[in-house]
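Okay, so chain A shows up in both of these, paired with chain B first and chain C after.
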Partner chain A sequence: MYLGIDIGSSSSKAALLNEEGTIAGTQVVNLGTGTQGIQTALDELYERAGISPGQVLYTVVTGYGRLLYTEADKQITEITCHAKGIHYLMPDVRTVVDIGGQDSKVIRMDSGGTVQNFVMNEKCAAGTGRFLEVMARVLGCSIGDLSCLAAQATQDVAISSVCTVFAESEVISQLSQGQHPNDVARGALRAVAKRVAGLCGRVGVEDSVAMSGGVALNQTMVEVLSQELGRPVVPAPDSQAVGAIGAALLAREQYRKTR
Partner chain B sequence: MNNAQTIIDALCEQALHPALAVAKSCRDAGKDAVGCFPIYTPEELVYAAGFLPVGMWGGSTEIKLADRYLQGFCCSIMRSNIEYGMRGTYNRLRAVLLPTLCDTLKCICENWKVAVSQLPVIPVVYPQNRSLPAGEQYLKDEFSRVRLELEKLAGHPITDEVLEKAFALYEDWRSAMREFCEAASTHPKTINAKVRHLVIKAGWFLDKAVHLEKIRALTAALKELPEEPCAVRVVATGLMAEPVGVLNLMVENGMAIVADDLAQESRQFRTPARPEGDALSRMAWRVMDQRGCPFLYEVEKTRGQMLIDLVRQYKADAVVTMLMKFCDPDEFDYPIYKAELEEAKIPHLYLEVEQQMDSFGQAGTRIQSFAEMIG
Partner chain C sequence: MENTLTSKQLLAKLQSEHYAGAMQAKKEGKLVAWATSICPQELLETLDIDVVYPENHAAAIGARKDAPQFIANAEAKGYSTDICSYARVNMGYADIQFSEAENIPMPDLIFCCSNICNTVIKWYENLAKTLHIPLVMFDMPFNHTFDVPEHSIRYMRGQIEYAIQQLVDITGKKFDYDKFSEVMKVSSESALWWRRATDLGRNHPSPLNGFDMFNYMAMIVCARGKESTRDLFKLWHDEMAEKVRLGKGPWKEGEEKYRIMWDGIACWPHLSVTYKTLKKYGINMVTSTYPESWTIVYEQNDLDGMARAYSANYANRNLDYGTGNVIKLVRDFDLDGIVYHSNRSCKLMDFRQYEVQRRIEGATGVPSVVFDGDQTDPRIFSQAQYETRIQALVEMMEENKIKKQRGDL
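Coming up: the complex of A and B.
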């Protein structure tokens, strides 16, 4: 078995790959770096797969917390792992959008799943999952409920501030002026989508676009990003585990290289 | 190897501790120091006046006082310089030379007079249209005015003979620096990204004659060593290769700088002087002949092609932009040469840096991902 671990800023993911290259299981725990999240995810994954840690031949760790996890054989960045994971799950896709808690990335890859180019958000938390967390807090809902609120919107309330801190003030101001929370929620998602679409423009979008990471579970986010890009955006299957799956695939490659 | 390493260690130490290096240089040479703001400063005039020219390229420090004049959205080098000036760090200098090559430098010239009033400022204004005969005359006149200001500061005239001698020393130094960069490009392990930067940077705090001697010895020692392989060879472009934390990440990921287009490094010495004319004319021509620099107006915008040529000449894998946050001239150039690099199918990494940067998480991910992509 080969193990892929993805320790993000807000969640921990693990994936097991067997010798034949089939995913034997994935696990997601919503606790990120600096917590017991990854250990919990691994315990649950091993139990479900019915294997012991000793059966793992090689481990690759990725994600924001990869440098602090010392038990892996190798650490590889989430850019490379997401490209690998998406290529495995959706071989026709050439562009991947991953909106993470700390960073947003747009990755362009070739037909073999190798990264050709990538861009990340600049300067601040604008366009990242952190922006959505702040907006959800102001709206008094969980980040998971943000999508439901936005789905019921009748219009977008424009949020013009790029800065997360200023945008928070702007949203409070919009709510105090009587704007409906549903419309404000959709405006928040639109603001992130515009930022991410800007990143896509810099890296160059090719054909179909896939979305990985936890934000891909947000249906309304996927919808507004599709609108901003003017092309369909498809959420990856098991989107939260894409990085871990990529890491597991790379673990198998690395192990075979060393043999 | 030992000889090379001894010189490298000494130069790195001096680059990492500028205050100590400048104090020692002043003591050894029996000279006072004059500060030289970026980017092109007529150092030869300062040297000929009997002063030690010292580079003022900011530093990694907490900004408290400078916020009164330059806020968080301004060039971090200039914020550091104002901070150091207000804090008294530069009090050992007799004066500062300040070329007004960008909007921030233009503003800072006036700010300095109020904020750091204890240190006289000598502005240097460069002509916008360098290629015109009037531009050449303007620059020579401007250098003559700066010469007079420095003569007043020194209390004695700068003779033509002394100026010619200073210019010749600087030409020797520029030639030696070009030769060092050549040797460094074939020894990217010994002269890794961090070492390369620090060896060059040390020249801003040492007497040029002393730095020249060390660079010649180091180059000779490098030539004795076998050529070294490297995982990822890059050409760096931008203002400067700092903070050093970014260079550490490059080294960790097997990335070496084999050539550069950095304002603090090769742009200082890549253009040799024309052979004819007096020192002032040759100084002016060096500025007029400089190509591919965003701070010197150039209709043709040759920077992109120059980077492509450097990649091919040094068999580099990619170009790395180290864009100093809020540096307008560099930001204006970026989309132009980015498109040219893409057209030439040269991989390219964009890194936004600032001197007060203390978190390297995202930069680490970018550099490592890029190395994984290239390697």
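Coming up: the complex of A and C.
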């Protein structure tokens, strides 16, 4: 068995791959780096797969928390892992968008799943999952509910501030002026989509775009991003585990290389 | 014996003499100028005006982590955080006039050439105005065409002649054309040895560690017209040539695995971590756009040539020229990758960076990453983000190496 671990800023993911290169299981826990999240995910994953940790031949860790996790054989960036994971799950895709808690990234890869170029958001929370978290807090809902609210919107309320802190006060004042929360929710998604579309423009997008990460579960986000890009955006299957799956695939490659 | 110093020791000595000498000159009542980094310093040297360079001084303050107090001062005066941090540090210094890191005397005149950017125009005008001292300004419009147009060169030449007159008026001295001729010669020689030394980075492994180049650069900025500078670069060149002969790489320990170019100014407040992260992965910065920037070479006594050299400065050239130059660096230095410093301060360099990156990638296939930082403002940089980008670059470079070995590239 090969193990891939992806420790993000707000969730921990793990994936197991068997000798034949098929996924034997994935697990997501919504607790990020600096918590028990990854241990919980691993315990549950082992139990479900009916294996013991000793059966793992090689482990690759990725994600924001990778540098602090000492038990893996190798650490590889989330850029390479997401590309690998997407290539495995959706072999025809050449561009993947991942809106993470801290970092948003757009990766362009070649037909073999090798990264050709990537861009990430600047050192700022605009266009990241953190922005959505803050918006959800102002709207008094969970980040998961943002999608439902936005789906019922009749219009977008434009959020003009790039800065998350200013956007927060902008949204508060819009709500107090009587704007409907649904419309504000969609405005928030639109603001992120515009930022991400800007990143996409920088790497250059071909054909359809895949989306990985937890935000890909947000259907309205996917829809709004498709509109901004003018092309279909397809959420990856098991989108939250894409990085961990990529890490597990790389674990298998590494193990074979070292032998 | 004169040459028992290593180039590194000589650099340290010349640097401290440069700053101490300027303080002393001021004390003795000599005129001191503040000047931009790529200005016709030959005129000042000829008239024996002591000159210090706020950009270099701000970099020294940044590297020794003393920038925040000056930045805060400038921002409190109303200068926006979006203004170049060299400018903010210097305008803060003009008020505070003391730094634990390094000190420069207050100027008697301001000497500014806009061939590096437009920011310097307002920055230096403000200095001259607030300090009530004369301003010598060389207006050097951006070259939108590939070649530097003749009229730009004539315009620069006219301004050089006019500046000589202004300086004669300010100093009350006669302009000594024989000395000028000698200074021109030495300045060109310094620039040539600078170029020859940095060109040694083409070797495998490169004897040059690009972060050393950032340090040696201080003297090509601050004292091009002095024989001691020429001798320094010749010594540095000879030391590295010897390393090439012995097959020695850039570091005492560790092997050069990847060769990259660094685009943009160093991230001075985070110099050590930016350097160590690269070194950890065996990445050596073998070149940058700086070797070209200070290749200010022209024939002795050729005032037109001198005017051309200053107007043709790399930063003042159009996108096609800049891109062509980087493509050449990729090939000449056999680069595996490029790191672009998206430097919040320097709009001139940043605004075209993505387009340069796109074109270079298209033309050479060499992978690259962009990271956010600033040359002196420590607040912009994030170590974790830097490391992730550098590590991703390593992964891309490694893939390319494997492909090359397989013959796929």
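Here is the rule we go by: the second predicted complex is superposed on the first by the 259 of 259 C-alpha atoms of A that agree within 3 Å, B and C clash if a C-alpha of one lies under 4 Å from a C-alpha of the other, contacts with A are read in each partner's own complex, and residues count from 1 in each chain.
Following the convention adopted for this analysis, a residue touches a chain if its C-beta (ideal position, glycine included) is under 8 Å from a C-beta of that chain, and two chains touch if they have at least 3 such contacts.
What you see is a predicted model, and the numbers here were worked out from it, not measured in a lab.
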**OP:** Check chain A with both chain B and chain C modelled on it and let me know: fit or clash.
**Re:** clash
**OP:** Quick one: classify A:D238 as touching chain B (first), chain C (second), both or neither.
**Re:** neither
Original post:
Where does A:Y64 make contact in the superposed view: on chain B (first), on chain C (second), on both, or on neither?
Top reply: both
**OP:** Please work out whether A:E170 is in contact with chain B alone, chain C alone, both, or neither, and reply first, second, both or neither.
**Re:** neither
Original post:
Is there a shared patch on chain A that both chain B and chain C touch, and which residues make it up?
Top reply: 64, 67, 76-80, 103, 114-120, 122-123
Subject >> Residues of chain A defined as touching chain B within the complex >> reply: 64, 67, 76-80, 102-103, 114-120, 122-123
Original post:
Can you list the residues on chain C that touch chain A in the complex?
Top reply: 342, 354, 358, 361, 367-370, 372, 380-382, 384-385, 387-389, 391-392, 395-396, 399, 403
Original post:
What residues of chain A sit close enough to touch chain C in their complex?
Top reply: 64, 67, 76-80, 103, 114-120, 122-123, 202, 204
Original post:
Along chain B, where are the residues that touch chain A in the complex?
Top reply: 325, 347, 350, 352, 361-362, 364-366, 368-369, 372-373
